[in-house]
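Got a structure for you, questions after.
We just call them A, B, C, D, E and F in the order they show up, numbering each chain from 1.
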């Protein structure tokens, strides 16, 4: 079990980092992937002076926890999205400002640059997050899409994120897009196009989360193999399809946790992700970073689940072989 | 084979109705479901004086073709949708007008009322079409949806379509929503909510098209059984999933016909729809209307396909039994 | 297409043989398997004087139809069953008599002997039918079965049917049990035990009907292969499972044709029987007798169905190869 | 892991309760569901004076075991069944009496009333059991059923069990039918009919055991969801299908444990029941009662198995979430 | 149905070409793919003077048959194989000579050059065939393979076939390897390596036959897509897996047609090849050549089968669409 | 968990037995199955004097390990194989000698006799191994096999192994062929033929290893049931298919561990073998010998894997029931 296992704090933002760190330590986690919301990792305060980060670091150390990455999903989402009321709830007030759509996008982009700076100041090199998408809402081509418009969507993404990644490069930090519906990349085809749009520059890679591929019937091991050089960080999260001819894979505009959805997120190991094959693929590509549990399961108690998930990862993660076995067979007894 | 088989003309609008009617007759169709675009069935001209409709009727009669329904999908889409550039291409210029979003919606609603009037004038009682949707673009709840907003979406639909259906009622015409992604209803759950939103009034039913359910893994026979009293018209169209772990069921923002899509429309009988079970369900509920082939298959030549589809429907459609078989067994030889 | 295709008349007993023969001939059948009920083949009248059989034969000849077998399912059922009210409806009044249970069984046995005599008088050598079963009702072992009682059931079957088969042997006629739930044999295990119970005597074989195996998830081709020397006649009938997690394979005490059943009979080619593999197995074992369509489908109009079934059999039945193909490859060009 | 785990003692009646209680305690069970046979819970002695029940309770307490329910399957079976020799082995001699069929049924009904009284005296409110069925043996409609007779079967059930449930109501005890082949209810359809027959009165509910649904291809989670308000108690038992084209799902009149059966009972977690989905469904409906392991696996040593089953339940049972997860995402960092 | 359908004559070499041509014409084939064995197309005689080829051409013309390709599988096999007794039966005596292994290989190579010359003389540009393989027998790596030896196998293939293809190039003829077990290429991986070994030169392509991929669980449409520029000719042949836990996919050293094999060849449309997807793939890559039926089915009479196969191809082959369908939707009625 | 669990040392021959025994003991194994290569069990030295075997035994005892069997796979392979360069690497130099093919085979046969003698001297009665095969390379019948040659292959096997088994019989030792591709027996059909060829003599049985059946889609439980009286020893090893339409089940001449193979060996419990059913079958046939883990997984670290495998076997192996459960139900409370 060679890789550290961390807990992504995004779904625990109702708890203070102090409370959460104590719990996570007692559960046996090796570290935390801090979310940039709640009081877990506040970008503006992080840049406001050295005390804030020093205190965070001390808090982690007191609990014997490491930190290899932070998660800036919410603000990142606002960089490329057509802004609507829902964004008000996920970005800080100063990013929302007057809510004028282009203004929100620009301020979100600036905040992402600051996030790179704060990460560097904290001594880490990986920021995970979302990008948003100018074209997600044109998912189903009716009224018939103008596909030149789709092309322009990828271009707009590149124009908005290029300058952000410049700052990441300057700070020695890498961004990991969590490939995910509603983002510019959510599957094989769109990930290929996204990486091409941004010229496959090194500062922009992937925070791989298999739970977003499973409901699309996509093969996580194959994804990791194809995009091997851009797998910068890995989330451990699972999803389960419950298709019975009545429940739609499109989920019926129902919230997560509703019984009639055709799929839902579940605690790792309880769903359709083939983690065994995923671990083998990660072994092949030489991924040595954290396995970060993003725990979300509307049918399971959260603290029980976090521990169940940790135990699952511990028993599923294994190192690759260093031997060719039949070779051993060739050592004859003479 | 008791039901008439018609051809929906929407995908043949590059041909004049005169040319198309000749072809359809020679293929052996029983009638046409006229699309309200191209020169097939122009609502404004239909209401402009009796000659237009008389000439259409004569053209059909000369070809031995009947007409039981018309299709007003494109204008209907604009009634509830958030309007964007794509709608300009699908609505008549006078409906588009200056393109101001609410104005387009209101003019589209008026045109739908006119469509009911034109249908009545033409002597038919069924108009099929789309409704559009104020909430489709919130399909995936991220940023997290405000589900009260989703509820308001159904309510807005009812407010916009109620007055339209009033005119349908007055004209003795029924509307059949083609349950379809991008519409207010696209699966079991959303159809239930839609019918409830509009108080299950009789003027608003369903033009059932199984090709929109198959990619969602939904059971067409079960759908027909559940919504038996609202199945007013039936489209025969098929879709095929081609999931291999690399192609997403969400279709990757690719156009229909692209090789990398996870599913596509195909000629009836070449896909995943279980038409045998669908026919049995239609028999059970007593549906006696047309089976209207909406032909769309980006990998097959169109005229060959229309004939292949017609032959498929002819050999798949059968009447229900009138006997209980074991009863015959009880007639002993005494 | 080397084998004759006949129609089993059992499900058409509401029609006179005269009417049915005309229909069957016009549909293109090669012959009829006459049911021993209705006016199709009345055993008592057949033994009452030569005219009856001569007239039947003439009626068939006038319609160009052959007869290779008759079906005596209903009376046969009463030979081993615990008799109840339901049997009154399926046996002739003189067999039912006063309805005393053992008396009915004995009279049914005598009638089966007469059936062999009548078949011989008609010039045919195959009688198909049911046996009934003393133990069918103990299908599910609760209250826990006394398995010695099950053993005695097979023995009772042999005691009741042995004397009947003696008459069959004397008349040069063979009996073909239609392996079927409610009979002494309904699957592989029980067929093995049944044939052993009756000492594998030649006069007792099988009328193979795959529709009774499909709902049990049994492999028809494997059945034909295992019991090759006892496949005396073949019914063509189909069944379809409709299991969706709500419908039970045990069929819920619902009548055939009810929507909620987990399986039902369907017209040949519309169900789960793999007829292609069945034909290959019949070719291997050298079965050259009729393929007799027993048509029963509560969701399809009967006359349409009979023709659909005949066309299905014609295109599915093929002769075996007489060549080893790679042998042809070995004829080199020198 | 919020629910207590008990062991149903019915399959351990070869052991005295004293021996069994010691074992169960040492294995780690929270309690016992006492069977009304062996010396585990004798209804007649329970009503014969307070000592019997006090001693039973003390025996449980000495072992740290609780009791939430008793199981009266065997006598219950005789209430509606057509009585035959097999019932002699499962009912007490005084219930069997002279074995006259109606007499046995009536005495069994009286004993069920006494069982409610004894349960109340013991301080518990749940009695599980079987009902028997007047119509089970007509499972396969041949000779063709008279379906009015089937209707009368449900009515007879209601007439026989109504007065029994009156006593349950009076005693403040509820009956839980274990839905099961050979009982009046064994699947969705028959459970609906059964509950309707008895007017959905509250005193009559379900002891849900998924092992009886799995061989019928039924969905246990869906069952629990549909009959949520009547799920009064839950058995944990499993079954596995071993269909290979030769083994029948009807099980060939073979005893449990025979190799050629198409399905068999197995230790929980070793079969086809989806316990994960079942737990989620139980969470949704708010079931908080015991999970009672009814252990039966003819291929596994019993004491090993009971412990294996207990460990399986402990790691599979989990509490529901109390949070909407994306809500946590909305707590932005401002 | 745009592509011509031919019959490959290799499995009919027991008939003279004269007899076969008459049959094929009467069946309705468009042409023949002549095998270079029997009297169908004798390479040595073809090069012996102009009369031979003129007479062959006249024979075809008299029957209204075309010829687009010839098949030289048998001699080709000997070019790279380790020669054993089995090759004596498939090569002409003058190629076999004294049977010395290297001598046979060299003479086979010369005969392949002559085959190109004869094809050119006959006015055709396509020769199909096998290559043999120096390494096939090391299929399963035990005793452990020396994988450098495998590499040398590809190299040896290239050395032996390079000079042959030089002659093909000079004659303006292309070779189509039938990818097939026992050849240097039999699946995706080995086809990639084979084409690389021979530097992807144009003279060496593929005669695609899906029946050799199906038993390996390979996707024919994906194969055609990947090797689009090397699909020079297409065989229509099918194979069916019959895996039931007892029959091995490796086929148990049994001959084709044996019941216990895990797979076998079957008439087109009766097996596991997805011809619908194959046709769509051929449409995409623009393949316009013949569909050549190589008929082999040990369980079906040959002449019936050839006609059945032809009918199957005629109804399965269809041309691609020339339209983007939603485009038609955009032609609004204004 | 009644059966001892051993580790087969063949894949650990890079370690001295001393090192390996220490590791195995610390992991918790009950014993070792010693490979006849490396320094684990050297046949020539074992026969060279008593010290060698006494020291081996002491080494095992010091580690608390037992030995029930030895593995002589490599030399056995050379007995029937057509010898090539690959065998040089797997046999001792004195068996290889000058490498002349027949000489190698004869010396390998003599060494197998010595192996029986050495086993007896060591006090054990089971030698596992391979046989080689004269016909394996004719796996796919092209050029068409002469099937008389296949028959002769089985005969040759019997002629070569008969005298070896004579020595086994004399020594009171049994041979267990590991049924495996490249051996004379690798599936059901070939195992039947092999056992018949050698007259089902008791000295020749099977070392059953399910990992060689899984890639052939064969049923391990059915194999154990059919060959129950010849299952002398059991290996625990697993294999996993990874078929995705691109990877061939024939494995593309790729080495184990290559990503593009269609199947590979994996650590027990991580693959397609149904060990639960296998254990039940072993219970039925009364197999009481060791479960010997042959550990080979190119994607998992070896020492972690051996421990993971041991834990898997411990929790999967269980003893059979000694009770008929419903019997307990019959003990009524009277």
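The definition used in the following text is that a contact is a pair of C-beta atoms (placed from the backbone, for glycine too) under 8 Å apart; a residue touches a chain by one contact, two chains touch by 3 or more.
Model, not experiment: these values are computed from the prediction.
A.B. asks: How much rotation, in degrees rounded to the nearest 5, is required to superimpose chain A onto chain C on the basis of Cα coordinates?
C.D. replies: To bring chain A onto chain C, one rotates by 180 degrees.
A.B. asks: Going through C-D, A-F or A-C one by one, find the pair whose contacts repeat those of E-F for over half of the pairs by residue number.
C.D. replies: C-D
A.B. asks: Which chain maximises the distance between its CA centroid and that of chain A?
C.D. replies: The most distant chain relative to chain A turns out to be C.
A.B. asks: Taking each chain's centre as the mean of its CA atoms, which one is most distant from chain F?
C.D. replies: B
A.B. asks: Looking only at residue numbers at the chain B/chain E interface, is the share used by both copies over half or under half? Answer same or different.
C.D. replies: Chain B and chain E contact each other through largely non-matching residue numbers.
A.B. asks: Please compute the C-alpha centroid of chain D, do the same for chain F, then give the distance between them in whole Å.
C.D. replies: Spacing between the chain centres: roughly 46 Å.
A.B. asks: For chain D and chain E, what's the span in angstrom between their mean Cα positions?
C.D. replies: The computed centroid separation for chain D versus chain E comes out at 63 Å.
A.B. asks: Give, as an integer number of Å, the spacing between the C-alpha centres of chain D and chain B.
C.D. replies: Distance between chain centres: 49 Å.
A.B. asks: Could you check chain E for residues that touch two or more other chains and list them?
C.D. replies: 74, 89-90, 141-142, 144, 219, 222, 244-245, 255-256, 326, 329-330
A.B. asks: Can you list the residues on chain F that touch chain D in the complex?
C.D. replies: Interface residues on chain F, with respect to chain D: 1, 219, 222, 225, 276-277, 280, 283-284, 318-326, 328-334.
A.B. asks: In the complex of these two chains, what residues of chain E are touching chain C?
C.D. replies: It comes out as residues 10-14, 36-44, 73-74, 89-95, 242, 244, 255-257, 259, 265, 270, 296-302, 304-305, 308.
A.B. asks: Under the touch definition given earlier, write down the residues of chain C that touch chain D in their complex.
C.D. replies: Listed in rising order, the residues of chain C that touch chain D are 74, 77, 81, 85-87, 89-90, 135-147, 149-150, 180-182, 186-190, 215-219, 222, 243, 245-256, 260, 262.
A.B. asks: Mind listing the chain A positions that touch chain C in their complex?
C.D. replies: 244-245
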